[in-house]
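Letters are used for the chains, namely A, B, C and D, taken in the order the chains are written, and counting of residues starts over at 1 for each.
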Amino acid sequence: MRKKTLKNGLKMLALSVFTGVSVLASPSLAADSIKVAVVSFLTGPAAGPFGVPGRNGAELVIDAINEGAMPAPYGSAGFGGLKLEAIFADESGGNAKQVAEYRNLVEKQGVDAVLGYISSGSCLSIAPVAEELKTLTVMSVCGTPRLFEDSDWKYTFRTQAHAVGDSVAAALYIRDQLDDVKSYNGINQNYAWGQDSWKFFDIAMQKLIPGTTASDNPQFPQIFSGQYGTEISTLLLEDSDLIHSSFWDGDIEAFVLQASVRGFFQKKRFISVAGASAVDNLGKRFPEGTVIGTRGEFGILVRDREGELNEWFINAYRERYGVYPLESSYQYAQSVLALKAAMDKASADNGAAPDTDQIISAMTGLDFTSLAGDVSFALGKGHQAIHAVGYGITAWDDEKDKPTVTNVKIYPAHCILPPAGQLSEDWLAAGMPGSDC
Amino acid sequence: MQTTFTILLDGLSYASYLFIVSVGLTIIFGVMKILNVAHGGFYAWGAYSAAYAIGLAADLGFPDWFGFVLIGLSSMGVGLVLGLLIERLILRRLYDHEEVIIILATFGLFLVLEDLILLVFGVNPYFAYQPMVFLGSVELGGILRDVYSLTLLGLAALVAFACWYALDRTKWGKILTTVIYDREISLAIGINVNAVFVWTFVAGATLGALGGAYISPTLSVAPGIGIDIIVLSFAVVVIGGMGSIPGALIGALMVGILRAVAVHKFPEFELFVIFVVMAAVLMVRPEGLFAPVKARRI
Amino acid sequence: MTGTPVLRVRNLHKSFAGIVAASNINVDVADGEVVGIIGANGAGKTVFVNMITGYLKPTSGSIEFSGREITGIRPRDATRIGVCRSFQISQVFMTMTVLENLLIAVSLAGKERKSLLAPLRSRERIRECEQVMERYKLTEHRDNVTRTLSQGVRKLLDIAMAVVSNPKLLLLDEPTSGVSSDEKFRLMDLVMNALKEQGTAVLFVEHDMEIVQRYVDRILAFYQGEIVCDAPPDVALKDPKVIEYVLGESHGPANDSESALGAGHA
Amino acid sequence: MIRSALSDATIRWTIAGFLVLALVGTLFPNWILNNTMFGLAYGLAVLGLLLLWRTGLVSFGHALYFGMGAYAVALLERYTGATDIVMRLGAAMTVAGGTGFVLGFVLRHYRGIFFAMLSMAFSMVLYGVLVKTEALGSTDGFSVSQTTILGWQPQSKYPLFLAIVGLCVIATTGVQLYLHSALGHLTTSVRDNEIRVEYLGYSVATAIHVKYVISAALAGVAGGVMAMALGQVDPDSMVNWTVSGELVFITIMAGPGSVVAPFIGAITFEFLRTFAFELAPHAWQLIVGGTLLGIIFFMPEGLWSLTRLISRKREKVR
């Protein structure tokens, strides 16, 4: 009797496995609109400097495209004719939570594509899941080159050039603009972005400015730790001339405040790869004379640059949110533009309402115009974008009573990034062949 | 030499900060036998309310030194309001539960306090740098230091002295010592143990809040700041001996200096070393290095 | 006395931080003998019991059990070789039923550890427990949680748990303390008869002279950590030293705080 | 063995329950399947904590084993490329159980608050190492690729779900059999009266050690399951002290009443978290913390006491 029930149970079980496998639906997009999740830090130390401006940048451009209110070449309404319905989600809580959230976004809320992600940790952990769930995912800000150099992804793209570009451009800028750097150290966060940034900066410095020495005690505090007294002491005790940092979230603001009270910026040259948000947020408290980057032609570096798209973006953003767009506003907008360009192309090639595969093939290797420069998906088998990266020196504009940057220098993509098919470390080790800046 | 001096100073200032936070935890444990996870919540509330008040005062044009007044006021306010509410409404009903259940209840409280912060203060970080900027910097051991962090040493000494004085030189202290030694005897000789518990908890909460409030000018006050400090102050309290004030002092000094040495010399051991010491102390001397005298009843 | 004694104690000495709790104790106990231990509070009775059952380690001296040296043995090893004990304050599993208490005791008494992995409620074990309950008149309480039972019943259970492994030597620490006066003879009759059947040697600490007189073959009288008298009851109870040092004070109520072991675990 | 297991009503009901879950699982959309798997993973760890709790011990450091299991899966893949479920779970269990065995020699002498604190210290040591070591992924952790089942790469989540349900059946049955053995009943005995256990001739330390190793191994397996279901490991959501707190929280929420309670509790918790997070992203900890307090105040026996309430009502109706 018992045996029989068990047998029947097993039969049903086998049956249910079968149906379970066959039930899996193939991904397809809805008819007249596309649902996209935009993920950025909405809470925590990274929300103010990066998450919220990024979210706003995306929102502004999405709304404008839906209404057909963008200047050329994005004047047509919609994404390949489709309206984009955005869901804004929070990136905080750690990688494991992000993976769980991503699954919820795709499987529970049914989004067709996901756009965003600021932390390199998020990107590295999301990409495999995007592959598993076969969902188009456009990464906006994160910088670790491992994303496309360790693996090939079909469903993941990144519209932001990776950390090698930022690091090489930084070294080039130091070579070109600062003449007294003999030794350097760094303070970077203890995760993929911080570790990679320091590693590549160090190699680039050794290749570009031979004779300089790196400290043997670079600092790697934990992300969001917010308190740097001991690290500042360590850096101050050393005799390195220049301190490199890839801090980007609230950490850069905390560090700058704590360090400036201790005369840090009078004693050291400071190069901040991604801390431009603090220039705006801290105003006069941000030390003048700091080398500042925005990881592209973004934010404060292009605030006064002419160009229809750029001026439209700055004005519309100020009108809607009351402040200047920051680096991440540009980065998120750039991802939206990539999606628009790819979907327009896909629908032109295949007729209305392209499916995920058609969008992917349109986006692969695509060249498109961003707000203040051109971008092309040249690396990572056509999934990793490259673009120019610039740096400048902070100053206070007394006339306009606002922060500004001087000596802005933009380095084109081929000078700062490896050519397609070459790994960053090999390219750096070989002395950056092809870089002629 | 210069490095040693700097490490020592960094360690001392970090230790002072840890001591101020931990002493509240250890007092609560000593008297009430409650290991209060919600202490991290008091810390965070102290930091937030001080940072908020300082920011507001700066916007309203108050002078920078006024921040110190606000730090004191906000930690007392947080300690009094949260301490009273939590002791009266929640802990009071749990005293006859197992100690681990009480720990868990305080964990629940901690989660609640964390989110109340988000609801009240929002999700963006606060910077209350005015008091730190106001005090400026001074050169010590060849490098500039912010005076504000150095005043932590003074505050810690003050707190230590106040605790010693209150426990050793006042009638209140005698009562407290009796309750710590034996709760039942205290009841028998007519001590109002309930009142002792309430005010102990409020005092402990205030000290936790003071730790957060005083440190807030030197960091970005952001969601989640209470999480790490709990385990750190647990480490301090366990190393020194749960319930012992001199223990908290020694524990804070050990953790502070170890961390400073680690950050300067072996950054990868920063967190690891603290908990290894905590585990080692528990293994060798479970009652801590400076365990208070206990009435043994076995 | 013939053959090897069950218990042989020689020159036993114990001091706590300089304070002498037992000194120069020499005792032999024969197979099946019943020995009463009397003495005022703090005279060293429980310390003596605790040393024999391994809870306390003697400072010097030796304890032999059936010819085997067991000085400083761990309690569980003492139990395994056949030295068991009951407690002044009954030590039972308060949230479990009487049957469960006995089942645990029976399963741990098994010589083969394999049986520990078999289900606790095996038919054979339950049968064995039922016999024990029968013998100690516990059957009516079979499925009651011990927390709800009277002191007397708990005492019985406590002793029953100590006996299920058929020890050769049993130490009873104040078996009637906390038991109401109309219950105590019933209890002792039950216990002593059952033990006699098993041929167990018994050492028991007792304040109640009526009980002592009725059951023991021999009395050990303690005073300030030493044995002042070792004789049959009729002799011992007339000994002037016993009258002066022991009986003079022993008629007051038993004071629990004397036990270094019992309190705090109730 | 199997017959004696099936003679136990709890085991029969448990197996039936999991069978139903497996069947209903075919109808689940992926997100429910995922959340249920997370719940089952937590449930396995909580099952281990339940064993300790019945002995009167609460570990505030079981994230140590949970994290070890998860990282074992991730590192195994990273350094050997192995993705098979058997190897993954084997590694998770071995590493966690082995560590539990070693640390057990120390922890078995501790009780109450000291046990809780020392467990926490051990788990924070692992946290400190992971966070600061680049080779171990520091704060980023690692991705975990999809699990293969004896060389077969399933195209959907369901086979993994089924395997996990099967694992839960084995674990629950095993724990139930253990609890019903003499050794298992010692859990309550040790909590009630250690002295008596010693004087019955058994070592309390050994009894606790056995339970500790079982609970560590279960937590390790749980971490492994979590890593497979989620596809990611990281220190903050798997090794930090808050995770240990969460596990203890679910233990209390579930109640000590039954070996099924941990799974009911954990799945409830997982869905509570998902919905709370969606409806009130800034107040979900408040909801969770409030629930915890509510349970301590009003439902000291946990969710499981609800089942007793229901069965009592049914008796009354009869």
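Note that in this section contacts are C-beta pairs under 8 Å (C-beta built on N, C-alpha and C of every residue); 3 or more make two chains touch, one makes a residue touch a chain.
A quick note: this is a predicted structure, and the numbers were derived from the prediction, not measured.
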Innermost chain by mean C-alpha position: D
Chain whose average C-alpha position is farthest from chain D's own: C
Pair with more cross-chain C-beta pairs in contact, given C-D and A-D: A-D
Whole-Å separation of chain centres (CA-atom averages), chain C against chain D: 43
Where chain B and chain C are represented by their mean Cα positions, the distance between them in whole Å: 51
Centre-of-Cα separation between chain D and chain A, whole angstrom: 37
Between chain B and chain D, centroid-to-centroid distance (C-alpha), Å: 33
Chain A residues counted as touching two or more neighbouring chains: 42-43, 220
Per-residue multi-chain contacts in chain C, two or more chains: 265
Residues of chain B whose C-beta touches two or more other chains: 118, 123, 267
Interface residues, chain A side, partner chain D - complex: 2, 9, 12-13, 16-17, 19-21, 23-24, 42-43, 90, 93-100, 103-104, 107-108, 120-121, 124-125, 127-129, 132, 190-192, 195, 220, 222-223
Interfacial residue positions of chain B with respect to chain D in the complex: 35, 37, 90, 93-94, 97-101, 103-105, 107-112, 114-116, 118-119, 123, 227, 230-231, 234-235, 238, 242, 267-276, 278-279, 282-283, 286
Contact footprint of chain D on chain C as seen in their complex: 53, 74-77, 79-80, 84-85, 87, 91-96, 100, 103-105, 107-109, 115-121, 161-162, 165, 261, 265
Residue numbers on chain A that touch chain B, as the complex places them: 42-45, 47-48, 52, 217, 219-220, 224-227, 229-231, 233-234, 236-237, 250-251, 253-254, 257-258, 261-264, 267, 285
In the complex with chain A, residue positions of chain B that touch it: 2-3, 6-7, 9-10, 13-14, 118, 123-125, 127, 129, 132-133, 136-137, 142-146, 148-149, 215, 218-225, 228, 259-260, 263-265, 267
